[in-house]
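Next, two complexes with chain A in common: one pairs it with chain B, the other with chain C.
Moving on, here comes the complex of A and B:
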């Protein structure tokens, strides 16, 4: 293995790489709002007036403001990502790109990169701990962020791979997450970002009474479906209600004396606590949501970083979520056919994206949406969602504070629950309950200028984004 | 009979909209302490329009109006009394204020006893036929007495016992003071048990997350239900009055208690 060439500043990048020729560039979002790499790299593209760029960040957070400057300079042709929120998303909702926006899933993105349907020219990979041979891990260094899951496919397939690091060690790393054989350059900088920025506002267990009630109903649903048994597997994400369900399940598991086989996806302190208490055998971590998760990844051998492909690529033989029993997910809107929107608000403004939503809903044995029936006077349930993020055929249950709706396609679940005391209702009944308080919202104006696609993990285009 | 009386602020549409989802047996919509002086009219209007549009069989709805010394007392009753709700919670209740309120309404009255003098004269208030329940307001009481509120609640043992005894004597419901730490559910349970042991029939609540604990503590236990069933079954075959069960004498008061307990268990869907 050979040592990789080292670049000592962002400004030196154009001297080493022809950034004008290679237009498809990717980034990962593991540092979330703490990331400074994306902005610093794109500053060079702005300085060099590079045009017709196609960006492939795995997600776009509010801190990624340099994208906005490039958009205003008309330097960007297209953007492909799994999630976007903040000023860039606001701007793109109103200003069409010359190309288009493509919203993918975590598993779908990895799949398309690995089977060469997506061509990446340069992958810029923020890496907290790198050796001279280009091996890297995410859970050591001064700007740690934990698992490097979303960057691994990029490293394997991009024509040019640049690791950007603020910690270059002298000795060879064993068992790296990014294998140095894929890496072309190491860019050494003072800082790749602020670890504190990975903690989002949603990674706190909810104490909101509505959320507590929904979590309690969800826990009862899981029990009544007979899913809470020794060796079950579970994914909760980092939403406040989901974490409350996790906490409730922990109490039930202790009471019943059972353990889970694995938890997957984004990992938080709550999942780590259960691993360390011996309540779950393994954590498959594609993304750390807090500092406790990073520390655990460093010290617990049963807390394992996994790539986005191993996490959710349907073509990956080791795909973790194919063995998932239960996933708890959120929704901005849900419709009569159980289609879920977490991509836009009801006016069509982009506010998120699938991430792993559609992947896990597709694969898990039971997918459960948890959400208040009314949020800020807006009812959750619509006749048709504004934007389909996850197809209704993959969604099994909806739990709200006023009852539980089961997708009629899951007659097996309905049969299991028919003799329980759970407050089962149809999705239309739940909608009517919400309308008692909100009345039926006015139908909003339909927009007709298409600005992007929603791409399912199967490569199908399942919906479009429209200019507001 | 209710186990739990959940206070919800009368100036918060979100709370009102969800008042029926928290499993509280009774809701107390508050127009007093949780509403600032300059928004009293606003809150009263909101409650008026809400209760004009939505009617509830369960939970039972009470309104905590402003006390008689304020200019809002009469306005609250004049505007709201025609609506469908169970009754009033009267703050800083005295014998005189209860009588004044009862002249203006036929609805049920819960007397909120929260001043040292109201506790001194509590039996005179409890004995009024218009009073269906009393609620102990320990926070205002301890403040007025210049004593600390403690975790053990030792400081209110006497007033709890006094009210429990007087309420039992006059067949009036005794509602215990709320527990104020929103997140400490373990200590909430201890507090409920302590109140129940002293004779409280129910508890007031200031956070919806407390409802389940309160309902559980103030519900008959599985063991109590099983025992009551055995008593009633044996009573059916013993027409003579007293009989022996597991070495204990069972007589009419115990049989009546068993009947009440089974009625409660049915009401709370525990059977």
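Moving on, here comes the complex of A and C:
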């Protein structure tokens, strides 16, 4: 192994790399709202007036405001990402790019990078703990963030790979997440960001009575479907209701004396507690949602960081979620065909994106949407969602505070539940219930200037984004 | 003197009333596109039910349901009448 050249400041980047020539640049979002690498790198692109950039950040958070400056300077041609929220998303909802927005999934992004459909020129990878040979891990260092899952494909395929770190060690790292053989440069900086910024507001268990009720019904549904048995696998994400379901399942598991085989996806304190209590054998972690998850990754050998490809790439032979029994997911909107929107709000503004939503819904044996029927007077259920994030054929159950709807395509589930006491309703009946409280909303005008694509993990374009 | 009731929080609304030469309703709502007409209807019906015709009403709504809007307005009306006494 050879030692990698070290760059000592962001300003030195253009001396080493022809940033004007390589237009497709990628970032990962593991530091979430605490990341400072993306803004600092893009500051150099602003200073150097680089034009026609194509950005490939795995997600865009509110703090990533340097993108906004580059947009206003007309330096960006296209943006490909899996999720975006905040000022950049607001701006892009109103201002078309010269190219377009492409929304991908976590698995779909890795798939396209690894099979060369996406060409990455430079990957800028924030890395908390790096050795002189370019090996890196995310769960040690000054600015830890845990799993480096979303950056692995970028490291393997980008023409130039730059690790940005605030902790360069002298000795060789064993068993790294990023393999140094892919790495070209190490950029040493004072700080890559603030670990506290990875904790998002949503990773709190709900105590809202509506959320508590939905979680309780979901737990009953899982039991009645016969899914709660020894060796089952489960993914919950970090939504407040989903975490409540996780807590409820924990009690049930202790009561029944069963254990789970694995939990996957984004990992929180709640999942770690169950690992340490011996209730689940393995955690497959593509992203740490809190500090407890990072600490666990460091000390628990059965808590493993995995790449986005191993997590959710349908072409990866080791794909974890193909063995997933149950996934709990959220929805901003759901429609008569069970299509789910978590990408835009009902007014067409971009507020999120799939992340792993459609990956896990596609692969899991049973996918369950948990959501209140009404949020700030907006009914959850629409005749047609504003934007399709996940196709209805992958969505099996909807649990709300006023009943459960099963996708008619899953007659097997409906049969299983027919003799239970669960409040089963059709999705249209649930919509009627909501309208009793909200009244029928007036249909909003349709927008027709296309500004982007929603790309499924299968590579199909399943919907478009429109300028507001 | 104006009076108000409610809060500018999700699923609630803040309603302010002040005496005026005629009836005026100013509606700010996150769901105005979908429910603006319905909100106006509830406000006007509630005011009419209390025989109020000379008032300027401002509502800042964050998705309150009809019965919340009505309750907030009735409280504001009572506060206005308490002030008059």
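Note that in this section the second predicted complex is superposed on the first by the 468 of 468 C-alpha atoms of A that agree within 3 Å, B and C clash if a C-alpha of one lies under 4 Å from a C-alpha of the other, contacts with A are read in each partner's own complex, and residues count from 1 in each chain.
One rule holds in what follows: a residue touches a chain if its C-beta (ideal position, glycine included) is under 8 Å from a C-beta of that chain, and two chains touch if they have at least 3 such contacts.
If you're wondering where the values come from, they're calculated on a predicted model, not measured in any experiment.
*Asks:* By the touch definition at the top of the document, which applies to A:169: first (chain B), second (chain C), both, or neither?
*Replies:* neither
*Asks:* For A:437, decide between first (touching chain B), second (touching chain C), both and neither.
*Replies:* A:437 sits against chain B and chain C alike.
*Asks:* Answer with first, second, both or neither: which of chain B and chain C does A:6 touch in the superposed model?
*Replies:* A:6 sits against neither chain B nor chain C.
*Asks:* Per the contact definition in the header, classify A:347: touching chain B only (first), chain C only (second), both, or neither.
*Replies:* The second partner, chain C, only.
*Asks:* Just chain B (first), just chain C (second), both, or neither: which does A:258 touch?
*Replies:* neither
*Asks:* Who does A:424 touch here: chain B (first), chain C (second), both, or neither?
*Replies:* A:424 sits against neither chain B nor chain C.
*Asks:* A:304 contacts which: chain B (first), chain C (second), both, neither?
*Replies:* Neither partner.
*Asks:* Regarding the shared-chain residue A:378, is it in contact with chain B (first), chain C (second), both, or neither?
*Replies:* second
*Asks:* Across the two complexes, find the residues of chain A that touch chain B and also touch chain C.
*Replies:* Common to the two interfaces on chain A: residues 374, 437.
*Asks:* Residues of chain B touching chain A in their complex?
*Replies:* 17-18, 21-22, 54, 182-183, 207-209, 212
*Asks:* Under the touch definition given earlier, write down the residues of chain A that touch chain C in their complex.
*Replies:* Chain A residues touching chain C: 346-347, 374-378, 437-439, 441-442, 444.
*Asks:* Okay, in this complex, where on chain C does chain A touch?
*Replies:* Going by the criterion above, the answer is residues 10-11, 30-31, 33-38, 62-66.
*Asks:* If we count contacts the way the header does, which residues on chain A are in touch with chain B in the complex?
*Replies:* 207, 209-210, 212-213, 216, 374, 401-402, 436-437
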